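Multiple structures are listed underneath, in structure tokens.
Next, two complexes with chain A in common: one pairs it with chain B, the other with chain C.
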Partner chain A sequence: MAVGKSVNRMDAVAKVTGRAEYTQDLYKPDMLVARYFRSTIAHGKVTLINVEKAKNLKGVEAVFTYEDVPENKFATAGHPFSLDPGHKDVEDRLLLSQDIRFMGDEIAIVVAHDEIIANKALKLIHVSYKEYKPLTFPEDILKKDARQIHKGSSNIVGEHEYAFGDDIKEAFKKADVVVQGKFKTAMVQHCHLENHISYAYMDDLDRIVIVSSTQIPHIVRRLVSEALNMPLNRIRILKPFVGGGFGNKQDMVLEPMVAFLTLKLDGRPVQINLSREECMLGTRNRHPFFIDVKTGIKKDGTIVARQMDAISITGAYASHGHAIISAGGSKQSSLYPHVATQFHARTLYANIPVAGAMRAYGSPQILYAVECATEDAARKIGMDSVEFRLKNIARQGDMNLLSGKRILSCGLTECLVKGKKFINWDSKVKEYKKYKTGPVRRGLGVACFSYASGTYPVCVEVAGVRIVLNQDGTVHVMVGATEIGQGSDTVVAQMVAQTLCLPYEHVMVVQAQDTDVSPFDTGAYASRQAYVVSNAVFKAASDLKDKILGHAGLMTQRQRKDLDIHNAKIIDVYTNENVMDMKTLAVDSFYHKERGGQLTSEISHKTTTNAPVFGCTFVDIEVDIPLCKIKINQIINVHDSGVILNPVQAGGQVHGGVFMGMGAALLEEMMIDTKTGRVYNNNLLDYKFPTFVDLPQIHHDFVETKEPTSGYGNKSLGEPPVITPPPAIRNAVLDATGVCINALPLSPHHLFTSFKKGGILDSKGDADV
Partner chain B sequence: MTDQGFREIIFSINGKQRTLYIDIRSSLLEVLRNELGLTGAKEGCGVGECGACSVLVDDVLVDSCIYLAIWADGKAIRTIEGEAKKGKLSKVQQSYVKEGAVQCGFCTPGFIMASTSFTEKNKGESVTEDEIRKAHAGNLCRCTGYQNILKAVEKSIEP
Partner chain C sequence: MFDLKKHIKATCLDDAIALLIENPNARLIAGGTDVLIKLRHGKKGYSELIDINGLEELRFIKQDKQNNILIGSGTVFSDIIQSDIIKKHIPMLSDAAQSVGGPQIRNVATIGGNICNGVTSADSASSLFSLNAVLVVKTQGAIREIPISDFYLGPGKVDLKKGEILTTIIIRPDDYMGSFGYYYKYAMRNAMDIATIGCAVCLKVKHHILADFRIAYGVAGPVPIRCLKTEKSVTNKKITLKLLDDISRFVAHDVSPRTSWRATKEFRMNIICELSKRATKKALNRAGEGL
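Presenting the complex of A and B:
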């Protein structure tokens, strides 16, 4: 039984020995280096550019500007193609741009023999601009006479509205109390340790090979073909080991440029390796949201109505655009399915860096507001925060009114019960009553989430798997699902081992991907892979098992149904007799002169379900009011992700998500000067993501349900852990201090202003106690 | 002796003596990766912020991206490539594998060098969680929340 066991990661040894090869470790001896020339203003137009000096510098091969690139505007979001024209991603990007839409926009590119020369050449480029006032606030962006950042857009990328449940007006009439709040989330950055890097070369007169750190090899191939107007079979994407992505590599970023450059330079290899500063400024970020929430509740603790109006800022280019807030806004229907809900959202352009996909895709923003509002509602009627949630959350069998699908597995109640017990909720609620005055106070917080296991029915969900039997009875597996560090190859191997009844060690999943040979799959996003792949793997492995047993039948003149595989041996199901080992079978199938062949199975499977997952965060904190500091005493995330395929690796996913959530709650924020659009802290020194010493131990637990729509009972896990730490911590600060802070992060700076406003700090910063 | 911006350095790398003629502007990381093909140490920032490039110089943990290669003259360098010996992982490496301390793996070579230096320094001593955390504060990881790395280091230090 491989599923459910904490086997070691397939690639762990390669990684601990430094032998795993990432894009930066691959090298062509004659590789050229390209570097972008970026704008130093946030909004405007280049009126003049002079690159002559740069071109003439020794060691510079070429300089290209916006005048040299195709006029073909393209989309970059890593979405599968949609047959619905209304669902197309916004095509608003050129390889280089004369119109400047954020500070750091790409105007020109230098190709040189090495980085030092390229950097020198950048200094020799001269530009003049016509400048416009940067638009950074929703009020300014939406003004009637505001300049259109993209012509014809009115600065709105998308807008939609939905409602489910009873009529919202009627529902609010039933409420005894109505609670309102305005919430704001910060722009945060993925900070995957491996920056964006790609290189391209041509291995034929008209064939481009792109080696890239990407989450979406097959999608990138299509997007590059669209951007450069080239046939698909002339583009090949290779994905080596990837040093993290968290959504930022679910976007086409460098690939079309390196492809363009190699095309222009006679097929010579050209690499772009972004510096950390460029990666934080010029790739993607998490969309900041502004969210108004109105909640109607009855005195008995039933939430009856909820109305939300949300704005998402996508920055200079659409990238994933309105899809983020649409997806984020759709998860509450499986969290609070009985609440009449109305949701309206808009996505706006702005002269700030581009936002795109990031872990949990809009849910951390929306559910932050939902779970803060839920807390405020519970407090308003004086009900215990956990009891209040238990009264309103989803249960197995509930109808998700937005999707029209029943919730087939839901362990959220049990998650809340487990978390509550772990944190010692009831006794601490009593104990902490003593700590609600004075300079150092204590509080407890909770927040719940629901998330999905893929993107269906908004997007197609397709997974490809190929399994081949090797000559010695081991198997090789190729999947289109993309390993980026989350461990998907490992769980695929476990699934295959389980169904083929082989030891885990006999299954090898090919890590590197090559669009010339890897089966089609749309890639690593939406926490979809283990779920969407599960049915494909189950089918392919079952099919191969049939073929193996069929061949064993041929060899032994037995019926297929009389045989089975057990621990890499063919056995007789009636007598348990060991008929032969896999190696004997494999050798025969490959080399017998008349029968058999290479036993192989290949499946492309579409998933037409999408299982919701659930969970919660519980946190116990201490707030030092004069120091404006939050100390987390204890934190736990409890998840219902269906069957847990690999407890140790699953725990790792939860830790990483909770850590990222704590960072977003307490420290992380891309700081932008709203007047100039300048980013202050696009480096790892000034952008404070938590180090080893900044955080406490991270606890986790699971409530294992069995999801019937999944091949192995599993549901999604990768992204969800990041969602609830911020609202849980905000709710704990409220519990400790009585001050509602409705903006992230809860950094000392924000705590100071909020505590002063809340009257618990005087203007000199002394605690008012 | 420098010669048009180049200079000869002699140093030991994972126990083997090497002589190289290098550009005096190169960092140790560049020399390891580009001249010696030792690509285990990674570049995550190039300016001393992330620790992905950590190696040991005379058993001291350094960010090789901000350590000039010429400073390595006469010194002994240890990199991740030298840690597994005769097909066997070091105890630190084994613990990282076992405890699930590896995800994307990009920070891993640097972390393992930090843990190696820490465990060697504290051999036979009992250490606190705080000491482990401090000893790794210069290495950033964005995947693991450091939780399983903490466990792995605890396991590596057990006798």
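Presenting the complex of A and C:
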């Protein structure tokens, strides 16, 4: 039984020995490098550009500007194609732009023999601008006479509203108390280890090969064909090992440009390898949200009504646009399904860097506000934070009124019970009453979440799998599901091993992807892969198993139903007799002159379900008020992700997500000068991503439910761990200090302002500091 | 890729001095943790380098007959952390060295480079200010000694003339023997970060009296600074909690932090005042003085 075991990752040895080949390792000896010429203003238009000096610099092959690129506007979001024209992504991007929409916008590009020459050439480009006042605040962006950042857009990328449950006005009438809050989240960055890198070349006169660090090879293929107006079959995407993406590579970023450049340069290989600074400035970020929440509650602790109005800032270009806040806003219906809810959201353009997909896709923002508001509601009526949630959360069998689907598996109650026990909630609540005064105070916090296991029914969910039996009786598996470091190849191998009754070591999943040969799948996002691929793998492996046993039957003149596979051997199901090993069978199927052939199975399967997952964070903190610092004493995430396929890997996902969540809670924000649109800290010194010594040991636990719609009982896990650490920590700060801070991050700078306003900065006491 | 025009490896200290004189546009590179960053950012004046990395004659920590502690400018922070002499006599310098960057940085970054880089946030600088360190600067045919407080001329500017190399940092017995110190680095992160405020305290205690008190800050002004007025006001006072509060009020008048996008003046001032108490308390604990 391979599922449920902590087998080693398929790529573990390749990675720890440095043998794994990433895009940068696949260097071509005669490769040219390209570097962008970026704007130094946030809002305006180029009135004059002179690239002659740059072109004439020795070692420069070409310089292209906005005048040289196709006038074909394209979308970049890594979404599957939608048959519904109303659901298309916004096409607002050109390869290079004369209109400047953020500081760092791409005006021209230099292609040179090496990076040093390219950098020198960039300094020789002269540009004049007509400048406009950068629009950075929602109030300014939404003004009637505000300049349209994209002509004809009124600066609103998308808007929608939904309601479920009782009529919202009636529901609020039932409330004994109404609690309101205004919440704000920060723009944060993915900080994946491997920056964006792509190169392209032509291996004949027609076809472009793009090697890229991407989460979505098949989608990128289509998007490049749209951007360059080229037939899809002339574009081939290769995905080597990927050093993380967290959503930032669920977007077409460099691919159309390297393809354009190689087309222009007779098929010579051209690489763009962004520096960390460029990657943080010029790729994608997490959308900052402004969220107003109104919650109606009864004195017995029932939440009866919730109204939310949210604004998402997508920055200079739409990218994933309104999809983020739509997705983020849709998860509360499976978290608090009994609460009458009304939700209204808008996504706005602004003259700041572009936001796109990032781990948990809008949920960290929305559920931050929901879980802060829930905490405020519990406190308002004086009810214990955990009890209050237990009274209102979803349970198995509840109806999700927004999707109209019943919740088939839900272990959230058990998650809360486990987490509460681990953190020692009840006794610490009592103990920490002593620590609510003085300079160092202690508090507890909790927050819970619900998330999805894919994008259906908003998008198609399709997964392709091909399994082939090798001559030695092992199997090779090709999947369209994309390994980007999260471990999906490993769990696919476990699934195959489970169904084919082979040892895990006999299953090899082909890591690199090539759109010429890899089965179709839309890629790594939405925590979808293990869930969406599970039914495809189960079908393909079952089919191959049938073929294997059918061949064994042919060889032994037995009925297929009398045979089974057990630990890489064909056995007789009645006598348990060992009939033959897999290798004997495989050799016969390949080389017998009359019977058999290569035994393979290929399945493309569409998933038309979407299982909600659940979980929570519990945290115990200490707040040093004079130093404006939060110390996390203990933190635990407890997840219901269905059957856990690989406990060690799953634990790794949780730890990574909690770590990322703590960073967003305590330190991380892209700092932007609201007057000029300048990003101050697009580097890893000034962008305070936490280090290992900043954060405590992370704990995790699982409540294993069995999801009936999944091939192996599993549900999603990749993104969810990041969602609840920020609201849990905010709630703990409130518990410790009595100060309600409704903006992220809770960095020392912001704590200083809030503590000062709250009048607790000069608190004296005997606590030993 | 670095746009390096010239890179000459010096064979010894005298060779390095001669090379500096021969190549007037060249700069020294030791650990490279500051220089290479500037070079990567394309900053002018860093494309010609005289390399003194690994020169053994600059890498030492020793005590001479007069009990001066001598630290070679090429000593890396890991050496300082591991040095028995430093551990025994100046643990605060160990604190400071331990707070620099991360392990990889500490294995190559030198204390001399940290000082000569001339920035106010240098972790070793405020400690050395509080230790009244004296710097030995050598050129062809001349050696001069200069107190560290005179060495800093302005942000990024130190008192090094063409052809001069900082060779040794001297800490005199009067300044460390019987003294107890503490370096408190306040940063957003506990590693891989520059100080928002660095506070170094070095003190002597006699019969519960603060017999000597030296307090220095990084990032509380354009260069590292000592709070001389505060020191004067609290020396020879009885050690009480009130004295700690006094120190935290007094230091505010000795410093001049500024507002930048990294932190506001008010925030820095709050940290400056608080750190004076905490660093002093830690130093008193090391002196065996409980409060």
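Please note the rule applied: the second predicted complex is superposed on the first by the 761 of 769 C-alpha atoms of A that agree within 3 Å, B and C clash if a C-alpha of one lies under 4 Å from a C-alpha of the other, contacts with A are read in each partner's own complex, and residues count from 1 in each chain.
Basically, a residue touches a chain if its C-beta (ideal position, glycine included) is under 8 Å from a C-beta of that chain, and two chains touch if they have at least 3 such contacts.
What you are looking at is a predicted structure, and each value in this text was computed from that prediction instead of being measured.
When the two structures are laid over each other on chain A, which of chain B and chain C touches more residues of chain A?
Counting contacted residues of chain A, the larger count belongs to B.
Given the touch rule stated above, what does A:Lys428 touch, chain B (first), chain C (second), both, or neither?
neither
Could you tell me if A:Asp25 is touching chain B, chain C, both of them or neither one (first, second, both, neither)?
first
Check whether A:Val693 is in contact with chain B, with chain C, with both or with neither, and answer first, second, both or neither.
A:Val693 contacts both chain B and chain C.
Just chain B (first), just chain C (second), both, or neither: which does A:Asp673 touch?
second
In the superposed arrangement, does A:Leu685 touch chain B (first), chain C (second), both or neither?
both
For A:Asp114, select first, second, both or neither according to whether it touches chain B, chain C, the two together, or no partner.
second
Quick check on the output: what are the common chain A residues between the chain B footprint and the chain C footprint?
116, 684-685, 691-693
Touching residues of chain A toward chain C in the complex: what are they?
Checking each residue of chain A against chain C gives 114-116, 119-120, 626-628, 667, 671, 673, 680-681, 684-686, 688, 690-694, 747-749, 752, 761, 769.
Give the list of chain A residues in touch with chain B in this complex.
Contacts found on chain A: 6, 8-9, 11-22, 24-25, 27, 116, 190-195, 241-244, 246, 275-276, 484-487, 648-649, 651-652, 655-660, 683-685, 689, 691-693, 695, 697-698.
List the residues on chain B that touch chain A in their complex, please.
Within the complex, chain B touches chain A at residues 25, 33-34, 38-47, 49-50, 52, 79-81, 83-84, 89, 93, 96-109, 112, 130, 132-134, 136-150.
Within the complex, which stretch of chain C touches chain A?
So the residues of chain C touching chain A come out as 1-3, 42, 102, 186, 188-194, 196, 261-264, 266-267, 270-271, 274, 278, 281.
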